[in-house]
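Here is the structure we will look at.
Think of it as A, B, C and D in the order they're written, each chain with its own count starting at 1.
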Amino acid sequence: MTLRFALLGAGRIGKVHARAVGSNPQAKLVAVADAFEKAATELATAYGAEVRTIDAIEKSKDIDAVVICTPTDTHADLIERFAKAGKAIFCEKPIDLNVKRVEKCLAVVEKTKATLMVGFNRRFDPHFAAVRKAIDDGAIGTVEMVTITSRDPGAPPIDYIKRSGGIFRDMTIHDFDMARFLLGEEPVAVSAHASVLVDKKIGAAGDFDSVSVILETASGKQAVISNSRRATYGYDQRIEVHGSKGMVAAENQRPVSIELANEKGYTRPPLHDFFMTRYLDAYANEIAAFIAAATSGKKAAPSGADGLVALKLADAALKSATTGKTVRLDTAK
Amino acid sequence: MTLRFALLGAGRIGKVHARAVGSNPQAKLVAVADAFEKAATELATAYGAEVRTIDAIEKSKDIDAVVICTPTDTHADLIERFAKAGKAIFCEKPIDLNVKRVEKCLAVVEKTKATLMVGFNRRFDPHFAAVRKAIDDGAIGTVEMVTITSRDPGAPPIDYIKRSGGIFRDMTIHDFDMARFLLGEEPVAVSAHASVLVDKKIGAAGDFDSVSVILETASGKQAVISNSRRATYGYDQRIEVHGSKGMVAAENQRPVSIELANEKGYTRPPLHDFFMTRYLDAYANEIAAFIAAATSGKKAAPSGADGLVALKLADAALKSATTGKTVRLDTAK
Amino acid sequence: MTLRFALLGAGRIGKVHARAVGSNPQAKLVAVADAFEKAATELATAYGAEVRTIDAIEKSKDIDAVVICTPTDTHADLIERFAKAGKAIFCEKPIDLNVKRVEKCLAVVEKTKATLMVGFNRRFDPHFAAVRKAIDDGAIGTVEMVTITSRDPGAPPIDYIKRSGGIFRDMTIHDFDMARFLLGEEPVAVSAHASVLVDKKIGAAGDFDSVSVILETASGKQAVISNSRRATYGYDQRIEVHGSKGMVAAENQRPVSIELANEKGYTRPPLHDFFMTRYLDAYANEIAAFIAAATSGKKAAPSGADGLVALKLADAALKSATTGKTVRLDTAK
Amino acid sequence: MTLRFALLGAGRIGKVHARAVGSNPQAKLVAVADAFEKAATELATAYGAEVRTIDAIEKSKDIDAVVICTPTDTHADLIERFAKAGKAIFCEKPIDLNVKRVEKCLAVVEKTKATLMVGFNRRFDPHFAAVRKAIDDGAIGTVEMVTITSRDPGAPPIDYIKRSGGIFRDMTIHDFDMARFLLGEEPVAVSAHASVLVDKKIGAAGDFDSVSVILETASGKQAVISNSRRATYGYDQRIEVHGSKGMVAAENQRPVSIELANEKGYTRPPLHDFFMTRYLDAYANEIAAFIAAATSGKKAAPSGADGLVALKLADAALKSATTGKTVRLDTAK
C-alpha cells in the first residue's frame, strides 16, 4: 500500500520532509501547498506532485496524509481541520506555543481518532535509537543520569526568534523530548539557568541563547541539558546515558571521517553543518514510522501528548530560569 | 537529460547498481537482463523496468547505457558488443582475467570511441575521496608512503574462488587501483607474499587467503597492502597516506557509532558487514560520475586502461608471491 | 635548595603525597606522624624518613614544610599550629566542613603570613592544565559554558560518608574548584538536584550519591556538574569548555590504550580505577608547585581562600538541592 | 636486594637508562664512565654516583651490573670483558653490526654464563605488552598478520647515519624484534623495498630513509613493517595484530590528550616528540626486568640470541632491497 501525501509548507523543513516522503517506496507526494506559489511549484515539480491550496487538499480524495510544515501559529488549526477531514497528520513541533491551545487541539484529535505524530525527529536518528535499544536490552542496567549536549552552529534570524516562543520552546524542546525518551520516566521537577552570551540582540528580543537545565523524575533520575546557539565546530548533538551497570553514548557525526596529521596535531573535519544533513536518516526513518502508524492504525509516537509534555517542560524551564526556583510539575498521567 | 539504463546481470552486485541507478534523478532503469528470469523480473519490477534479453537490449533505441554485472568471463565480449552498439558502458571489474583479452577489448573500445568506465567503486567513497582531495590540496606535501588495509569479513564460496582468478585479481585488485589513485605515480615494482591461513580449502583450490604486497614507483614511493579473507569485526577498509608534510587517513566506518562502557571497558559496535553497506554512498557517487561522463562526452575514470593496469599489478603480485622475486613492470605509458 | 617535609597522616592519601615528595628532586621527606604507629613506621621506612609525633614535628628545626593528610576535623587546628610554627603548609581539602571555622583558620594564616596551599590536585593534571592553557592562549575565545563529569567507580564506606560532610562537600567540592578554575569568574548562583540512586544506605546516612549542579556567574557564564558515586567502567573524569570561538575538552585516561576488535565490536580497556592512578602526575605536579611557592615566597594556589569559596559553593548546592531554590551567593571579593 | 650499576656511556640513551636505574628502588647507580669526562661528571652528580674509568669499573667489587651505552663498535668487546668480569650486562642494541662478531661475542657470554639482556625497549612498553598479553590470553585466536608502523620525527645527523649500519640495522631492527615478539614464530623469508624520499644526503651516505618490509614465517604468518625517517606529527609508533578470532592494536601516545574544536575541525596535539618521552615507562620496565633477571639468575629476555636474529633479519632485508629478491633465512633453532 502506498500512502498519498500532501505537504503543507514548502520552506526549509518542508523540503526536508518532501525528500523523506519522495524517497520512501511506500509513499507518494501528491500535492504541495504554500503561501508562496513559487516555493510550492518548485517543490511540487521536483517530486512530480501538484500545487494545490490547503482548502483543496482538505477535500482531496487522493490524499491520505498531510505533513504540516507551516508557521507554528497555524499548526493547531490545521491539525484540527485535517483530523476532521480524516487525514493522518504529521505535524512539525510544536503543536502550539500555548499549552491550553494544544490541549484543545488534542481533544479534537482524540475525538476524531485521527493519527497524529509530532516531529521529534531525533528519536529516529539511528545512533540515538541504538542508545535507546541498548537501554532496552539491559546493557546499562537501570537508567540513572542522562546528559544531553545540543548546540546550534549559529543563531537563527532575530525575526525568527521573536516568533519562536523562545529558546526553551523552540530548541530545548527537542532535548526535553529526548530526555523523556531516554529517562523512561516523567520529569517532575525542572531547574534552569538562561543567559545571553552569544548575541545581545537575542536578549533585546526577550530571549536567551545559552541555557542549562536539570530535570528530575519522581524516583530521582536526573537529566542535564546544555544548549547554546553557537558552535563554531558544527552542529553539536550528543547524548549520554549512565545506568547502574554502565553507560552508553552517541557521539557527534561528521560528513567525512578522515584525519589529517601534521606538526599542528591530528585534525578531523568539523561536524555536520546543521540538522538537514545531521538528521537526514532520522527524517527518513521518521516518515517511515509515520507511514507505518498511519497504515496500521497503531498509535503514532511521538504523539500529540508527547508534544504537550515537552511544551510543559519548556514552560517550566522558562519559569525556573526567570524565578530562580525549581518548578515542580505533574506530567505523568 | 535522463540517461536510460539497462542492467545486465541481476545478482548481488547487480542489485547494488540497480539501487544506485534507481535513486539517481538523472537516470532511469529501463531494462534488466539475467539468465535467471526470476531474478531479472524481481529486480525489474522493483524499479519499474522491463525484462529484456541482452540481444534485445543491444538493439533497444530507448537504452543509452548498460551496466555489466554478469559473470567475469562474459565482460569483454559484452563490452565489445555494446561499444559497437553505441551504448555507454559501465562494467564491473575485472574486464577479463587475461591481460591479452583485456587489451584486445580495449582496442575495440578505443576504435568505437565508446564511453567505458570500470567499477573501482572505492574511488567514489566520500571518505577516500576526501583523502585524495587533501592530497590534491597540498595538505600532506609530496606523497611518500601509502598503507592500505583491506580485509573481508569472510571468504566467498569455494566455487566463486575457483572462478575468481585468485585473491590478487579478485580482491587485491581494488587495492591496486586505490594505491594508484593515491600514489599519483605508476608502480614499477611489486613484491608479494601469499599464504593460506583462513581456510585450507582455499589453498586446495589453488588460491591464497592472506596476502601482503609492496608496490614501488620509479621515484621510490611505496605502497603496502594487507589483505585477509577474514575479519571477525566486520569489513575492514582503511587507507593512510604519508607525505613530506603530514599524513592523512580514512578510518573504518560502522552503521551506528555508539559506545557502551561497563566493567569490561568501552565498546563500539562492529564495522559494516560488507561492501553493500560500507560502500553504499560510493556506489551512488560512482553511477553519478558515469552519468556525468556519458552525458558530457568527457573521458570516464577509472577507465578501461585503469582496469588493465590493475590487472597487470595483480598478475605481477601473483608471480612475485610464487617466485620469491620482486617483479618489475612497465605500467606507465 | 631542598625543602624538608613532614607528613601528617600516613593513610591512603598520605601515601600518595609521600610518593610525590619522595620522587621530587627538590624535596626530602624527613618525618612521618600518624596515630597508628605501624602505618607511620612503614611509610617512613619506605622513604628513609623518621617517625615523629606531631608535637615533635612542630618543634623540629629540620622541617620546612608539612603535608596535612589527617582526618578532616583536625585540619584547621593543624594549619593554625604549623602556621604559627613558621612551616609552609600543604593541606588536603577541605580545611574544615564549617565555613566559620575555615574563616577563623584563614585569619590566623594571614596574620602569620604562612604559605598555605589546599589540595585541589586536579588543577595540576597535565590534561586539565592543558585545557586551562588553551583558554589562556585564546584558543576558544571567551569562556561561555563548562561541563564537568565526575563519577567515582564506587561509593566509599558508609562510615566515611557519615564523616565526609556529604557528597557536595566531599566529592563535588573538587568540581566546584575545577569550575572556578575554568570559568575564570566567580559563580554567583547555584542550582542543584540530589538523589539516592546507587545505595540506599547512603540515603539512610543522610547523604546523596547522584547529583547535578548548575553554577552561573554574574555575566551569565554557566557550568554544569554531573556526579555519581558509581561508574562501572572506571574513574570518569572529563571536562569540556565551550567558548565564543571554539571548544576544548580533556577526555578520560586509561592505564593502557589498546583496542581489541572481534565479532562483539571494538573494545578499549576500562579507565583508571581511581584517583591514585588517574592523578599520579597531578599529585607530583601539585607538590612541585607547593615547593615552588614555599621556596620562592610567592602566593600558593589554590589558596586557603580557594578552599573557602569551594566550601561555600558546596553549602549552597546542598541548600539548593534541599530547598528547591536557586541559591545566590557573593563569593567575589 | 639492591643491584649496583655502572653506566658506560653518558650520552642521550645513557641518560635515559640512568634515569630508569635511578628511579628503581631495587637499583643504585654507583659509577659512570664516559670518554667525555664532563658528560660523565654531570650524570654521576645528578644520581649521586662516581666517575670511574671502564678499567676501574671492570675491577670494582661494588658493581654488580653494567649498562652499555657506548658507541656500537665497542659493544661486543665490552660485553666480553664484563662477562668475564662476572657482571650482569645490559647492552643497547645492536651487539655489533657484523653477524660473525655477534656470534663470537655470544659464545663468550654463553661460556661465562653471564646475564646478558639486549635493549629492545619496546617489548616493555605497557601498551605493546598489553597487546602481547591479549594474544597470550587467546583474545584474537591464532596470530595471522602483524602490521608495524614506525616513523621517526626526523632523520639523525648524517654522521650518525654513516656509523649506524644503515636504516635496517639501526631503526628497523626494533621492528624486527617487535615482529618476532608478536608473531610468536620465526620469520623465514624477507622482502624489502627501500628508497630515499626524505633527504638526498642520506642516499649519498649509502643509506635509505623510507622502507617497507614483509616478513613471513614457516607457517605463512606475515608481518608488514613501514618505516620513515620523517613524521611531521611526532613519533609514530603503532602495532596491530590480526588473528583468527579478532584483532588487537596499540595506538599512538601523546603527552596530553586534549581536543580543541573550532571552525577548522577537531584537533588533538601531536604525538610524543621521540623515544625518550614515548618510551619513558618502557625504559623503566626494561631495567626492572633486567634487575629481576640479574638477581634471580633466570634467563634475561630479550637475550643476545634475540639481538642476533634481529640483526640477521636486518641483513636479509638490506639484501632483499638491493637484489630485488625475497631472502630466505633459517633463524629458527
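Assume a contact is a pair of C-beta atoms (placed from the backbone, for glycine too) under 8 Å apart; a residue touches a chain by one contact, two chains touch by 3 or more.
Bear in mind the structure is a predicted one, so any value in this text is a computation, not a measurement.
Novice: Which chain has its C-alpha centroid farthest away from the centroid of chain A?
Specialist: D
Novice: Determine which of the two chain pairs, B-C or B-D, is joined by the larger number of C-beta pairs in contact.
Specialist: Of B-C and B-D, it is B-D that has more C-beta pairs in contact.
Novice: Please compute the C-alpha centroid of chain B, do the same for chain D, then give the distance between them in whole Å.
Specialist: About 41 Å, centre to centre.
Novice: Taking the mean of the CA coordinates per chain, how far is chain B from chain C in Å?
Specialist: Once rounded, the distance between the two centres reads 57 Å.
Novice: Which positions in chain D touch two or more other chains at once?
Specialist: Counting only residues that touch two or more other chains, chain D contributes 232-233, 245-247, 261-263, 269.
Novice: Please output the residues of chain A touching chain C within their complex, sorted ascending.
Specialist: My answer: residues 142, 144-145, 147, 149, 151, 189, 191-193, 195-198, 210-212, 214, 216, 219-222, 224, 226, 228, 230-233, 236, 242, 244-247, 324-326, 328.
Novice: Which residues of chain C touch chain D once you look at their complex with the stated criterion?
Specialist: Those residues of chain C that touch chain D are 23, 126-127, 130-131, 134, 139-140, 245-251, 253, 255-263, 269.
Novice: Going by the contact rule set out above, which residues of chain A touch chain D in the complex?
Specialist: Touch residues, chain A against chain D: 232-233, 261-270.
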